[in-house]
Amino acid sequence: MPKRELKPGMASQLDTASYQGIATFAQRPLLTEPSELDEWEPDIAIVGAPWDDSTTNRPGARFGPRSLRAAAYGPGTYHMDYGIEIFEELEVVDFGDAICSHGMWEASRSAIEERVYEVASRGIIPIVIGGDHAITWPSATAVARAHGWGEIGIIHFDAHADTALEIDGNYASHGTPMRRLIESGAVQGRHFVQVGLRGYWPPAETFEWMGEQGMRWHTMNEVFERGHHAVITDAIEEASASPKGIYLSIDIDVLDPGFAPGTGTPEPGGMAPVDLLRIIRRITREVNVVAIDIVEVSPPFDWAELTINNAHRCALESIAGIAMRRKDLRFAQK
Amino acid sequence: MPKRELKPGMASQLDTASYQGIATFAQRPLLTEPSELDEWEPDIAIVGAPWDDSTTNRPGARFGPRSLRAAAYGPGTYHMDYGIEIFEELEVVDFGDAICSHGMWEASRSAIEERVYEVASRGIIPIVIGGDHAITWPSATAVARAHGWGEIGIIHFDAHADTALEIDGNYASHGTPMRRLIESGAVQGRHFVQVGLRGYWPPAETFEWMGEQGMRWHTMNEVFERGHHAVITDAIEEASASPKGIYLSIDIDVLDPGFAPGTGTPEPGGMAPVDLLRIIRRITREVNVVAIDIVEVSPPFDWAELTINNAHRCALESIAGIAMRRKDLRFAQK
Amino acid sequence: MPKRELKPGMASQLDTASYQGIATFAQRPLLTEPSELDEWEPDIAIVGAPWDDSTTNRPGARFGPRSLRAAAYGPGTYHMDYGIEIFEELEVVDFGDAICSHGMWEASRSAIEERVYEVASRGIIPIVIGGDHAITWPSATAVARAHGWGEIGIIHFDAHADTALEIDGNYASHGTPMRRLIESGAVQGRHFVQVGLRGYWPPAETFEWMGEQGMRWHTMNEVFERGHHAVITDAIEEASASPKGIYLSIDIDVLDPGFAPGTGTPEPGGMAPVDLLRIIRRITREVNVVAIDIVEVSPPFDWAELTINNAHRCALESIAGIAMRRKDLRFAQK
Amino acid sequence: MPKRELKPGMASQLDTASYQGIATFAQRPLLTEPSELDEWEPDIAIVGAPWDDSTTNRPGARFGPRSLRAAAYGPGTYHMDYGIEIFEELEVVDFGDAICSHGMWEASRSAIEERVYEVASRGIIPIVIGGDHAITWPSATAVARAHGWGEIGIIHFDAHADTALEIDGNYASHGTPMRRLIESGAVQGRHFVQVGLRGYWPPAETFEWMGEQGMRWHTMNEVFERGHHAVITDAIEEASASPKGIYLSIDIDVLDPGFAPGTGTPEPGGMAPVDLLRIIRRITREVNVVAIDIVEVSPPFDWAELTINNAHRCALESIAGIAMRRKDLRFAQK
Amino acid sequence: MPKRELKPGMASQLDTASYQGIATFAQRPLLTEPSELDEWEPDIAIVGAPWDDSTTNRPGARFGPRSLRAAAYGPGTYHMDYGIEIFEELEVVDFGDAICSHGMWEASRSAIEERVYEVASRGIIPIVIGGDHAITWPSATAVARAHGWGEIGIIHFDAHADTALEIDGNYASHGTPMRRLIESGAVQGRHFVQVGLRGYWPPAETFEWMGEQGMRWHTMNEVFERGHHAVITDAIEEASASPKGIYLSIDIDVLDPGFAPGTGTPEPGGMAPVDLLRIIRRITREVNVVAIDIVEVSPPFDWAELTINNAHRCALESIAGIAMRRKDLRFAQK
Amino acid sequence: MPKRELKPGMASQLDTASYQGIATFAQRPLLTEPSELDEWEPDIAIVGAPWDDSTTNRPGARFGPRSLRAAAYGPGTYHMDYGIEIFEELEVVDFGDAICSHGMWEASRSAIEERVYEVASRGIIPIVIGGDHAITWPSATAVARAHGWGEIGIIHFDAHADTALEIDGNYASHGTPMRRLIESGAVQGRHFVQVGLRGYWPPAETFEWMGEQGMRWHTMNEVFERGHHAVITDAIEEASASPKGIYLSIDIDVLDPGFAPGTGTPEPGGMAPVDLLRIIRRITREVNVVAIDIVEVSPPFDWAELTINNAHRCALESIAGIAMRRKDLRFAQK
């Protein structure tokens, strides 16, 4: 039976307006030791991955985890559309950051992979807060190690495919992690589904390579033409081929920059929060999501916490969707 | 017959580009004395309510009235969709601020109630500029005193229901005014219609209480699913039960924060201005609106007057809708 | 045969991440001499028009050309929806700025007209980067001189009609250029199509004058009610009466200020980028566009390059559309 | 005997926290008619001059008067170093704006000159709030007309001499007003004293012309080397040659941009407020100042009202210094 | 013997770049329970007091404690001028926040007083992070209860005296705490020394009352004229009359707004950090400081963490000064 | 004889207000090919080094070179304190950027070293615009290769010593370049003079190592106590031991963050521009400076170009000082 008691002083620091007390994600309990994960037995654990040296354009995503914890506005925890108290359905904890080192990709990559593995290998769902998108390479690698090498799928929301061979010689660029995951075999190309691609990158040969791998992608233009309901229905269908669950990767730049200015490579013409939040809750409810990341939140370019709050709500909707999925399954089992 | 003459020097200060001259709302004449209301006989009077100490998260709405007067961009006064000169149809004046005192709710509450009553009791429609949403408590109380205790209805646009019993012990929080109004009998629960609710607050027991009062609410999810036209048609129908007219309360956070970052408790996934402005013009044309407030504009968190201009346009669309309603009624009477 | 060789040092300055090297529009080659236009034979040439003293409200558009070159994020050049490398289809160069003089309209007007004429008279498509909308007066005058006085049409995206006789006595205001063009005969009223008008300006008599000229306009309300596809189909039909091609004028304030805060006269209730970019690509593909301007980008009021990037993408989509049109025509000729 | 009664409603709008009520300069009474100046008999009258089309670099000073009235923080009115209630010693009113027209220098110049003349010709000290420095041309012209053509002096604080013949052909540039005043004979060169010049402009020939006119100037380097006390002592001595009083012109860019970022042509290496405020109070106490302007406050480039508040305090210190001068003179007369 | 061991996971979260890991003040250990204070036996404990409803002008200081923990840049811990590792000399912990309730002064006042008392009554030096200056009332009350009612002194850095009887009827305004402390007898007027007063508030009668209480104050003008070394020497002498130690209260608005824009009532003409930091280190070294507060940091008005970092360094210099004082005393004892 | 002719179109693009035309440093001619350096024979060449992946805290300095060219305000070129036209005395060109690759230190290091070497090896003085301070490692290495390995000195302005062995395992951190230069022998420790150190980093052992190398440093505290004139006199004396000239490295964080918020590791308590600009002009006039860098300008954290303009003026003052030095030497030779 899990040990989940907070000391009274700590409890009162967490049970208050979101701008005061201790800054943890959504004011959830803070665990720092792997052994505490064993004792507490959470369903979900937040892990920060404060790395941004792989950014091609505007850096700053290293401040993402800190900002989601310290500056996001937490209005409450009752999901009015689902009618559930989010954190009564699932036990969510904050497991701190993978400690990264500026300019040191190998050390940082390893720190991220290991911290995510600590979580995922225990059957706990990690929600990894980036950091730029390069962090998905170690993060999804860890999840593949835990759940089955080559056996998980990825649903990937992004303006960009992030499948380049390299950018300016950099194989760890935030424009390359999806290629690395396929190359290593951690994730098979045919288990990849991308949504929201738009703009002028990557070039044709990259799309060709993507096709050769069996990757599927749905551009923003397709979402625009067919509507997101139809597209997501397809994406869920395509993802169902992954036997060991889905890793959901949300690059906040899938939103239009008007809603999410705080990001490194903004691309006009993106989604609106009113749609994205519904998409996320739907996917997490309908699909067996085993890990999530939310990346590319760059607070120096944010205004009035627009981007931070959108990212924070992506996490809340994910948690709510997972909670509903478990309720649905319990109901179905009866 | 109303006396409505401005001295020539004052007239030229008001009849110019909106960034120069005297800063009144929409460059309308400034009246400061109740006796001037009697002489001038306006149809509508702007009243500022610069109070923000009831804010649970980001304060700053005390600067709302000043900013709407001084920093909103006034492009002109011809409503191109209705084909009317707004201020030729209706006489609108600026009646200054209810003088509030920092940290002193009772004194401020009273100042707001009395100043709104000065307007409403003369049959003039007040447009009250907040301030945080707590100001709706005294403002709507004044309108109920003037038009009929328990006999007006409220159509309330907001991301939040603002019906909590108390928040952190505060019964005058900006999360509680609607409860106070129902408790006092100023407005009956069955005369309340809310539109735009979303996110994670209030908790279930508050929704239960709302149901018990006969309140009606339309979540943002409902607006998303059914479209705003259908929802507003229902809302208007529901509001029609109020015998003595409608108080329209617009919390600017009903807009998505991407359009209205300058607010205290931003909730992603809201409306777009292209929709909200049409909704407001429709309601004010179709319903007997006797008072309006526009609240939760917090200029310190605004950028490039995004939120300020949206709030300003909510007022203009309201005035235009009211003007059209009167034209419609005159036409119908013929 | 065109001479289009860059020295190797220059080539490497242009072929890199968009924030480094030489700041030209979209990192295209820089030509400064008219003779270089003859040698290089580009299809399209960018011309800056850094003038903002005609702004009625928030100035700053003088910094528009510099900002589009220096601060827009250039992610790549492959148009994923069309499957083309934009700059392989068309040769685009940056022809620098028309040198303007602060407060000196006549000198600046003349500089803009002559620089645009240098481009247009060679059959090169100018893309003129404003500056406020007053620059369309000299710019379209130059295009009319080059392609046929009274024989080009204008498709004009804007929240405002910009057809005033004068504003505060100013006949060169950014609210008047379209009137000047019709008065001079450079463009006939019946060749004018406007899209996106909204708000409270201009007044009725201006709309009457517009009607008398045979101008056509589609308000934002019409776009809202009928959808942009139907409206643009009509606009294209209406524009087809212009025998010598279309001048496309894009006032960035046609976008909602939430997406484009960096502009001088923001009007809530505008378009979203996801729509505007599609509209632009459609028009440039379906219509014979011979010149383009993108105006009213005011960087001091922008945040995180939101407006700058939208304007930059308007240019990229225009270029892509023109490229596809040429492909379509070549294909049709076979 | 002056009529100085405010209606009670107006009085309460002005007697409150500076962010609420009516936005006048320092919450002083608002007069709009010349006849009211005669009745009220103020000592000092504020006049706004919202013009910025003469700016060579960053425009925005048109928003200066509005911002000083609406956004400056007014903490109180007791001058703790002088021990006086500022507005009990002197009667100060706000006389509104000279109505300017965008892009129309002649009309705006004339409006400024006439409104300042209305004040100065009555023996009231105008404090003119810019706008860019071009407004000093009409403003000081009006003062010279009122007090003696060629008989007033100017003490001019600025990073720039503003004595160019023309800039880019513009004779009304904000870099030229001092030349215009000398050329017209309104102010003689030998009655000009400049303080704070620094940086890289104007060029040598302009300094030569300045020397030929008998102008005196004290660079920031001289202030740095000799200290401001010695320099101001000299400046006061030099200014004493002006028989009919001094026009004090304060370009806020005399401050270092770190203290005053909201300005059009910032030049690093300027004064600190702790010094400038003392200099101003000293000059206004020791010299017969008959008019003042405070210019080049450009709110779009300001942050957290830094520049606005500095400009506002320049006005308060001027008023305090003038009040003390009158006390000193009364004391000396006894 | 104190128990001061951190679990290894927690240790690594705190021992890293200051933007990652757990957000505690200066990355010090986090204690939340009073019993932990007993076990850990720190020399100094940080306490947040996130209250800002007593602000007369720009609110936002409620975000002060969160921001100092989450957004201040921590470069290292070696004090190069003193040659000490700050946190090796003294044990400093973060004791979390006094949980405040929006709009509820009595509850918040009590929470602050009790949490500070938990610290001070154990002989631990509290460093209280505001919050607006109203928090000094409960905070210093707690210290007086712990160290001797009427027997501690206060050295108070501020642009404002904060000794009003009331402001707009509010006796708990941030302009009144020093009066409350004297009235209650917690601190005697003759034990009060203020430094940095400037501007236009409070009025004469308040200064008179201050004189009657035996308070001493040193205006910014005096600091300017005599230099801070002489003034602080006097202030230390004056403070020496307090038998039970000194409470040091630092209102960040004692700095010029150019260095500290993020504050509620900015007053131009203040100190520079290069001086203030030296003053603080001197006072804490030369005087028996038993408690400290740092107040009026309002992050919404801050830019690039200017104010936050200044406040953070005020704390570091205080800690360093206290450490040196203890070294000095140990040395003297030998 | 140098070939220094610009085509007329290019000349007019460069000879205009600094916000228009082509964005080169100070509107100087742009050379991109090494062969052009040979033909043009400039005295000084600007080189951009847009690298920031070595930043320990706030990245963004990659945008430094672009911003100094595109956004700095260029008021003119006449140095009023020296009475010279800066660019008539010396021929200065812009040699573009060393093309860096995100996340790829070795490639970027090499690109910087080679581009600086192209300049320095021709006897041209490079002014290198960072980028973070890591770029001084390759830049000064290139200069040492060109002028004498181990025979140049460095005068280094900074809040930080940047002499760490490594930071978080990173030997190329912006906190380590000075150590790398000494280790490699490029610069001897005894040829190093640092000015402006302050705060809490590096730790004691690093200072010990610095002492062992014979490095000299002058803390901000020393500057504060002794005044900058005395300290710089010493620094110049100490630097005179370097036989082959001085490399001047200016980390903009030597300024107080109030003047230079746009930087990565801000440390309160720094210099004012009024002092720094004088120091720089003095050193470049009195010492044989053979190369300069200006680093750590991070535009995302800048406001209203405060930091950008300070950095730009550091370059102008350097050029002016060098010009005067050459005049002095010519005069001495006569």
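Odds and ends about this structure:
Going in written order, the chains are labelled A, B, C, D, E and F, and every chain counts its residues from 1.
Here is the rule we go by: contacts are C-beta pairs under 8 Å (C-beta built on N, C-alpha and C of every residue); 3 or more make two chains touch, one makes a residue touch a chain.
Labels paired with UniProt names: A, B, C, D, E, F = Guanidinobutyrase.
The structure displayed is predicted, hence computed values, not measured ones.
By the document's definition of touch, common neighbours of chain D and chain F comprise C, E. Number of steps on the shortest path from chain B to chain F, with steps defined by chain touch: 2.
Here B-E and A-E were compared by C-beta pairs in contact; the pair with more is A-E. Of all chains, E has its CA centroid at the greatest distance from the CA centroid of chain C.
Shared numbers divided by all numbers used gives the overlap of an interface; between chain B and chain C this overlap falls below half, so the copies present different residues. Taking each chain's centre as the mean of its C-alpha atoms, chain D lies 39 Å from chain E. Chain A and chain D, compared by their mean Cα positions, are separated by 56 Å. In chain D, the residues that touch at least two other chains are 16-17, 19, 56, 58, 62-63, 102, 168, 256, 258-259, 272, 301, 303. Working note: touching chain pairs come out as A-B, A-C, A-E, A-F, B-C, B-D, B-E, C-D, C-F, D-E, D-F, E-F. Put simply, chain C touches chain A in their complex at residues 16-19, 73, 75-81, 83, 85-86, 256, 258-260, 272-274, 277-278, 303-306, 309-310, 313, 316. Note for the complex: chain F touches chain E at residues 56-58, 160, 168, 197-204, 207, 219-221, 224, 256-259, 261-262, 265-270, 272, 301-303. Interface residues of chain F facing chain C in the complex, by the touch rule stated above, are 7-10, 12-13, 16-17, 19-23, 30, 32-34, 36, 48, 50, 62-63, 65-67, 69-71, 96-97, 99-100, 102.
Contact residues of chain A toward chain F in the complex are 52-56, 58-60, 62-63, 101-105, 107, 167-170, 172-173, 300-301.
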